[in-house]
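Got a structure for you, written out below as structure tokens; questions coming shortly.
Letters A, B and C mark the chains in the order given here, with residues in each chain numbered from 1 onward.
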Amino acid sequence: MSRMIEIVRRDLRLALRQGSDSVMVVTFFVLTVVLFPFGIGPEANILERTSAGVLWVTALLASMLSLDRLFQADYEDGSLELLALTPTALEVLVLGKVAAHWLTTGLPLMVAAPVLAVLLHMNADGFGTLLLTMLLGTPTLSLIGAMGAALVLGARRGGVLLSLLVLPLYVPVLIFGVGAIDAAVQGLPSQAHLLILGGMLLASLALTPWAAAAALRQALE
Amino acid sequence: MTDDIPTATFSAENLACVRGERVVFAQMDFRLSSGEAVLLLGPNGSGKSSLLRLLAGLLKPASGHLLWDGTPVLDDREAHAARIHYVGHHDAIKPVLSVLENLRFWARLHDPKSGDATAQAALETMGLWRLAEVPGKLLSAGQKRRLNLARLLAAPAPVWLLDEPTVALDRASVKVLEGVMAEHRAAGGMVVLSTHADVDLPGAREMHLDDYTPAPMDVSEVWI
Amino acid sequence: MHRFANPARFLRLAAVILPWTAIATVLLLGAGLYLGLIASPADYQQGETVRIMYVHVPSAWLGMACYSTMAFASAVALIWKHPLADLVGKSAAPIGAGFTFVCLVTGSLWGRPMWGTWWAWDARLTSMLILLFLYLGYMALINAFDDPTRGARAAAILALAGAVNIPIIKFSVDWWNTLHQPASVTKFGMPSVDPAMLVPLLLMGLGFTTFFVTVLLLRVRSEIIAAKIRAIRLTQIHASSSQVAG
């Protein structure tokens, strides 16, 4: 546990000192959302109807942006093999790295989302649920994405390949994230959706570090 | 003094290593006891780095098992990780962290209770203490290598697996490393070292890895 | 000891099985197509277009079955590191992707006369579409590395991750579909099962299965040969370089 905290601290310190992807990710999020009114027209009711979907799809794409670099730097400078040789489960260290990654990407997205929801005329009833779905969903996206990042380490064109691998796996999170917000906006109960999102988060917490660690060990062989 | 030092044996029989689809070495027996050292020699491609990575646990052998005092190493990977230090080709130094921060991170990962005093002593031995606050990006290649080697001293581990550690080191630093290795062995530690340069390892067994390279496959034997 | 010491047994077995599965494929598909396209009754509601079902439904079955085979082979590859398991997974993927693609195309063709569009976001078709992407991702990953072993192992992990996700994806897509589709245009009209329709369906399913086995054996065999050629080349390279070194 203390080792996991060590790695979270180191990754956060690195993000702070060498400039992290936070700004780029949030900028992409904002820019892409802003593109939609140009694409589908600025009528308030169309934007409102599609706001949950647009926000979630864009957040999903934005959170994928910095994923391929999650393990890349450590892989290239030899830190990854030393991490694999630490006297603790590699899965724990992976969780630490993902936690740090989420703090620098998922959390800023979560903060930016309500602002963009205003731009898309989202119904006020949806805001709280929006935040909740992002709180439950973005860590799941980071976890699944980390597994993808570990799989494409050392591959040719890893960035694009990562998207192909990870986007199909994101679909359930997307469906229930948007479903919860739409339900809330229509005045229907959204607990079921949120519970399912929570369940997916727990399942990802349990399973993806294991898969990611296996993939990392493959990369180091 | 010998009664205080616990003796342990690191061994393997019939080891084979396959990288990609090539058999790098096969039918290798390996044995190392406390205080001993092995010098790995052989041409490029003979498997020196592969053997070191295999001993560290980064690579799985295609045949044979690694044993520590008779118990298979794979039964408890974390215990094995705790007892080795691996120094590879890369120096694992973050450019934006200072020398001390880099060392402290690795020391604490290996042993969470490791204190600043050990880190300081390690840096002093390696001649880096006065550079403690310097960020990694300003270090020369030799200084980076010395920082990497300082890990050996910042947290204790009985087995040192060193892959060409003297690259980029000047004569004085090589002497320091030799002294450090001698002290380590005197205290019961083991050293496995691969090198192309001259490193003084008194009493080390030499292992020529091309002795274990399998003979080239006779093409006529292959049928399709 | 060498990793490829074993395939001789597989190659002998494959040589024995292949003629039988090939013949079985031709017979089963021939019978199935004849019964399905010509001899069985048309549906009173959908008319002749229901006959697309005889290709569409078995394709869906095989698309799923191939992925299960891949996932099982991946598990074997990761646990026992048997090189044949890697090859089975790698060989099965394009076949499964092909079946899934056929399922999607026939699904589109079947839907066109019924509701006038080339595509409907029906729950099953959408799940099949996502399955196709899972296949494509697997195939891309296997070929993305210079070292074939590395590609195979990474793809094995991905196949297992996909296998775990497939039920979740299916559940999510089903739920999403009930939410968004108006009730009138939801499921593909699977006609009530007339025994005359069941027999050709099963024959097609079996025929597709023997087809899968035949092509799988052929592909694994060619992968083994390719690996042997690579091994020979590697030996020649190292033999010549050690001659140079003296």
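Here is the rule we go by: a contact is a pair of C-beta atoms (placed from the backbone, for glycine too) under 8 Å apart; a residue touches a chain by one contact, two chains touch by 3 or more.
This one's a predicted model, so the numbers in the text were calculated from it and none came from an experiment.
Participant: Whose Cα centre is nearest the centre of all Cα atoms in view?
Facilitator: Centre-most chain by C-alpha means: A.
Participant: Check A-B against B-C and say which one is joined by more contacting C-beta pairs.
Facilitator: A-B
Participant: Specify the chain most distant from chain B by Cα centroid.
Facilitator: C
Participant: Between chain A and chain C, what distance separates the C-alpha centroids? Give it in angstrom.
Facilitator: Measuring from centre to centre gives 31 Å for this pair.
Participant: Where the CA atoms of chain A average out and where those of chain B average out, how many Å apart are those spots?
Facilitator: Chain centres of chain A and chain B, defined by C-alpha means, are spaced 37 Å apart.
Participant: Counting only Cα atoms for the centres, state how far chain B is from chain C in Å.
Facilitator: 46
Participant: Taking each residue of chain A in turn, which ones touch at least two of the other chains?
Facilitator: Only 221 qualify.
Participant: Which positions of chain B touch chain C when the two form their complex?
Facilitator: 16, 18, 20-23, 26, 43, 45, 62-63, 216-217, 219, 222, 224
Participant: Which stretch or stretches of chain A touch chain C in the complex?
Facilitator: 147, 151-152, 154-158, 161, 164-165, 167-169, 171-172, 175-176, 179, 200, 207-208, 211, 214-215, 218-219, 221
Participant: With touch defined as at the start, can you tell me which chain C residues reach chain A in the complex?
Facilitator: 78, 130, 133-134, 136-137, 140-141, 144-146, 150-151, 153-154, 157-158, 160-162, 164-165, 168-169, 171-173, 175-176, 179
Participant: Give every residue of chain C touching chain B within the complex, in rising order.
Facilitator: 1-3, 147-149, 225, 227-228, 230-232, 234-236, 238-239, 241-242, 245
Participant: In their shared complex, at which residues does chain B touch chain A?
Facilitator: Within the complex, chain B contacts chain A at residues 56-60, 78-79, 81-82, 84, 86, 88-97, 101, 105-106, 108-110, 112.
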